[in-house]
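Taking it in order: structure first as structure tokens, then the write-up.
Labels run A, B, C, D, E and F following the written order; every chain starts at residue 1.
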């Protein structure tokens, strides 16, 4: 009902409820602490600085709480910014909860679960099917809660599951249009390829890398999970299907310099790599264009070589719920 | 009815009709001329040397003619090779024509025409629609006759059209699954992206680069075609749709070092690049795996960084008509 | 008569007339607007910040107006900077016009026109001669008004023409010293190689990239111009001279990663690339050294891999007018 | 007693016993089969072709058998080559066994075992010690039998163990000279870093890559072994020492483009990488120089960027037993 | 006796004597001068800003003087920082001299001299021995006083000598463990490899590059020194040992892009390169880890590709005298 | 008078006198020796094989002798080749000397000497003038006899001097057209930049690299020469002109990866680099095009990234003497 942050024009006054996604306490030149906030509602995220923060304010305005913000939507050095003139916690009778402000995957978790489950029936290769089910069960909750990345693409709760679903849809087109693809290996690989992120990252709020994430990385972490699944399920690790499944996970970054320890040497590995790039690219550009005026170029997109993208005139803004 | 060349085992005697696709006359160490043949039938291509070639044989056995070859299918330094023991032209009553041996796109030209025509109705942007129709008309015949490349991928007659159709099918999945894509720009860009190859290359037999192909290249040649189409159709070249259409063609190689003079700065340009890579990769791997024994690695694929691809055991060979 | 900005020592008080070349209104930490100025006179450009700017000052002090500046020449983080203590518009009786402060090509437009015209007589190849004349006529005014780049080299009004003239002079030495060069192709290519910049850029003040500049680029834009010239002049585009002329323009950046869609495959293309590099490098170094004290290193030059250049002791500053 | 192959001068007649290390049957231009032999004795390996091979000769002269070769040591295109004039199997009473001709690690397996065992006492970190012992036990035999690489460095039986021992000796110098190094992590990492090669490669004769070697690679294979060891030994995989041990193995190739999925972010990982490079480089150069005349340059060394190495004059050839 | 700067906790008040290593006068936004200090004591270096500096303070607090600092140890954007609340010069009766605060090589100069001298006896090659002694004599004082680099590694007085000694110790292990190494060339090369830094850099305080350092570089400068030594000592420059000695110095950076004009083509050159990398890497990581809390990652290390390094938990801080 | 080799058509019989430039004895598959000849006359060089060479023929037909060759001009795998049917030495009364067949610089040595000498008068900087004269005197003979490279560009006797002269001519245009260039430094640098090749290479016949060439390289060798010249001439090596002169020599390859130990940081160094590239490129292309038919592409040019160059139609072959 209330207007969301990105439904305000640039330089329009703002007086809305938002969720604090990040709250970094720093020191200003004058040595007084200030809070560098990241606010969000369903229209996106925006940064804003809160100067001369007092002890109790620092205490009160932490990540995960909902606040009422008064100020102005501005642009600073090409990035959106919120000038804060007033900030207060929600009060009794203001019926807002954090999840009302969270940008989320366009699909609900249950829908994603259903779509994954349907796909499992198309994985007819027994060892692959058993391994995928085992790992899905083990990481079930996180799989539909985690973002697909710390930033870059699908960086919202549920992003990991949603990115996987999107790739699966493309994968099904591939299986339909090209003979000779092994659906078990392709779908199994797509489902597993990024689940290691649930070990690599800390979660969906204030997302950071874990020690394992930094020192081992999600690609090898998933290889370890397949290894352990074989031990538990008594599947022979020399089974060719197991080797192929590990391979498509290990090779999905496409190049050694992007962190894959092996290059793709199996057709399905090559396909998964391209589908990953395609889906991630569309998501990154789409996210950037949502904050871009028609007829202008977006901010630079780090994950796409710092390119900017042009938003053509006369293309209407995608609706939000 | 007759067994095709790749339906013979390695070291099995061969006694079949084939089409001469290439016939290069060279000189042996002993100074006598020999012919380096490339034969083909619908199961693929194979090289073979014909020693001590006489003048009349050189005359007779030229590219484009059908011959009866007796010999043995062999493997030389990891590549298939045909040892020729006898070679003769077809004789009266042997009812073979060259096109009976030509590997072709899995779709007939008419089917491709239909599929393209249907797509044209979905290009609702007027200038893009008019430009695409104009260029399709101009290069209609070649578009469905040319290969998509001299070698590498879809290097068979009709390959250019078939590669385009395959990308269009993927593109339609993208439009269905992702909001915010402009179908006119995406489909128009896919259709035009490689038509410049009809100017860059000499044709589907003994394919070489033309002077324009070498000195200008198919990417800029297509940009020129759009420029000329605008002149002819009286479309203002400052129209944003025209600029975007040129851009998606110019940017489709994805990187400057692959010959695109600009990087993709429009969502549809980025998508076309990925679809191109995806379809070309699948075709290259598929072609290589068709000549590979199960449980072994293929020959090196030049267009994929010289990687070899593994053909899993128990995966049955794709049928050929 | 007055001392110019770079004729002041570092830390010397300044009280002179200058032209405002750029005036960017930004917001300070304290939320008050300030103006980030770029001033210039014939000795060069210098930045300076004007704090706590009021509405009428922002209105009054825009790019293109002449002002009287009081302050001090300083150095901030190795870059020259002007500390502003007072700023006022010119008053009645102060006879200054913007062009009196503009750094310009060392040649007047008429001189450049003459030198180009003389060269046209040495382009004896008919199609090249006609195409070059046609395009020169079409872009005549801009050709002698535009800078050769947004920044980097020859970034002053008339820079495009002057850069072209400088290359032509070197080209004539080449023709004299090396047999086997085609003067028509070499001179024609030099004249056309950068004219696309008149479409790529917006002009000589507050220079920015146009949409065509960003999405097509000056290299392909010039190829389009040659294509259109052929249509207009009824020159067959398959004429080898036309193909060669397009090629030398397309290849002049020397490497694919610098935006040329083809590598040089013609002698004259290779030469034009080297002459371009040579003239641009000298101009960039020369510009940087003019602001450098003897016996010290210049600021970093972005267009030369961020290298700094040493200004030897005892080398006297080049005179200005 | 007999003179070894590399104790013959170039162009000196040869009449000695050697081991056939490789025997590749190929077809000559004239379609007759020949055998491309690799012979070896303790002075090194040498190639030689055996023309017009008959069926029984192909049968008889296989890899792993000892033969008497008569011929001449030659040089062909800068590489050593053996011209074969006569070849026969050993006869009754000729007391030669294959291992008498095999180039081997300069240390006997027992010596290597002892040196490793001593080092285990210096690994005082309990989880690391247990994991290392477990894996050493599991791969004990292969560890002292395998080469360290298919070709490149330490490509002889026992090379893997010997390369490891050499690195351990350097590692001990490091621990002695630099405070702050963790000996458990450093020694444990050195011992495990290449054991994955026993899974990656097929063995010490006619060494090839296994499917796991090609599709997973020895780096990740070793990470899997640590994972499984933890399962078996009930060591918590979240134990920091376990994570660090995995990390130093994963990072030891030093760069992503060399196949490490993570860069070194732990001091001991960085050290192991440098020791690996140092020991491998010395071994490669040493091997090449043993076949190089003083005052000349060696053959190109593939593993060192195809560089050649100069053998100074007056440096005496290293003795061989 | 007093607690050193890095023996204070973060946010602990500080009231200690320190040496001013650098004192850069800059201008604040409000146009008042401030001093950007680098302080140091034996526990390391720390930056701190001194606002509103008066003329006499600028005069008094220069690099090389000892001061009493009152303030707080803080962390600013991941880097250690000292907040200064009070600053005064030492007073009569405060017995502090600059060298009491200088981080130094862990070895005294005399120890280093002894260790170098011992090594000279192992350089038995006459020309190498004479050249090394000659150059050591010429640069004796600077060799034990200079840092090994302006920043990056061993950037403290005596660092050059200490880095050389550390490499020599590793070199002796190499000579012991690997046959076929020439100790004269290896030790001579190690000793000379970086002495050119005494010409390239200005000294150990406020270290900068000299003009020769910038325009010739320490690698070629050392080659010149060997050239001049030969002239003086009447050693024939065509002597192979001289050429080899020059080569190992010229090649020690290992790659052309790191400034070596030739790649290593001699075994000892390759070894020196690796020892240099190994010793420098350990020093850089060690320095960074000394300021890092256990269980966290260090600051980024520029000389190691901007990597951060993890300091494992439970590893005790290395003692300082 | 006689027709030269490249004045024959392809496949035209040949019966002319030529000089043997190279004569490599190799062994054929049948184990009989053959001679791989490189012949030359003033129209260029051509390879040809002489089968079944007898001992006395190997003795007689060595590099540097003139012979009468009967055979045919052919093309083998895109390279020109001479089929030899008869070969005999010159006989009494046949008045041919080797230098009558040698491709030479288009200028006689005396002309080059004159042109260099004139330039010396324009080097008014005393230290530079003295150093350049000293080094020119020392290497006078070789400077006008050596090629500029082993292969690649100006690979003929006198090529070094001629390449230098060509660059000097361009350099004079630069001095004329651009103010602010130091002629002494520019001309001095041009003259010295490649003289190190007289030490790096063995001479103009059967050119190879010397040990110094391989291990030090011509760039550093020239720096050593300047160092020694200063010692001899008692010029202070700290003189800025000396440092600059060394710098322009050291930096002339333009990039570290091309073997310059420093990047250009002085205007004249940057110019010399570009002139070197320009002159070398023209020479390489020109040489290749002389053997190329009009309307076709040349062989690949190694020194220009393996590019082929197109020879336009209707461009007449450059005349020779």
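Quick note on the criterion: a contact is a pair of C-beta atoms (placed from the backbone, for glycine too) under 8 Å apart; a residue touches a chain by one contact, two chains touch by 3 or more.
Keep in mind that this is a model prediction, so the values were computed, not measured.
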Mutual neighbours - chains that touch chain A and chain E alike: C, D
Identified repeat of the B-C interface (over half of residue pairs identical), from A-D, B-F or A-E: A-D
Centroid comparison with chain F (C-alpha atoms), farthest chain: A
Length of the line joining the C-alpha centres of chain A and chain C, rounded to whole Å: 44
For chain B paired with chain E, centre-to-centre distance based on mean C-alpha positions, whole Å: 60
Centre-of-Cα separation between chain E and chain D, whole angstrom: 38
Chain C residues counted as touching two or more neighbouring chains: 211, 214-215, 240, 244, 265-266, 297, 310
Category of the chain touch graph - line, ring, star, complete, other: other
Pairs of chains found to touch, sorted by chain label: A-B, A-C, A-D, A-E, B-C, B-D, B-F, C-E, C-F, D-E, D-F, E-F
Of all residues in chain F, those that touch chain D in their complex: 27, 31, 211, 214-215
Complex contact set, residues of chain B against chain A: 166, 169-170, 173-174, 177-180, 182, 240, 244, 263-267, 270-271, 274-275, 277-278, 281-282, 285-286, 289, 297, 304-305, 307-310, 312-313, 315, 318
Chain E to chain F touching residues, read off their complex: 211-212, 214-217, 219-220, 223-224, 227-228, 231, 237-238, 240, 243-244, 246-247, 250, 256-262, 265-266
Chain E-touching residues of chain C, taken from the complex the two chains share: 74, 76, 83, 297, 310
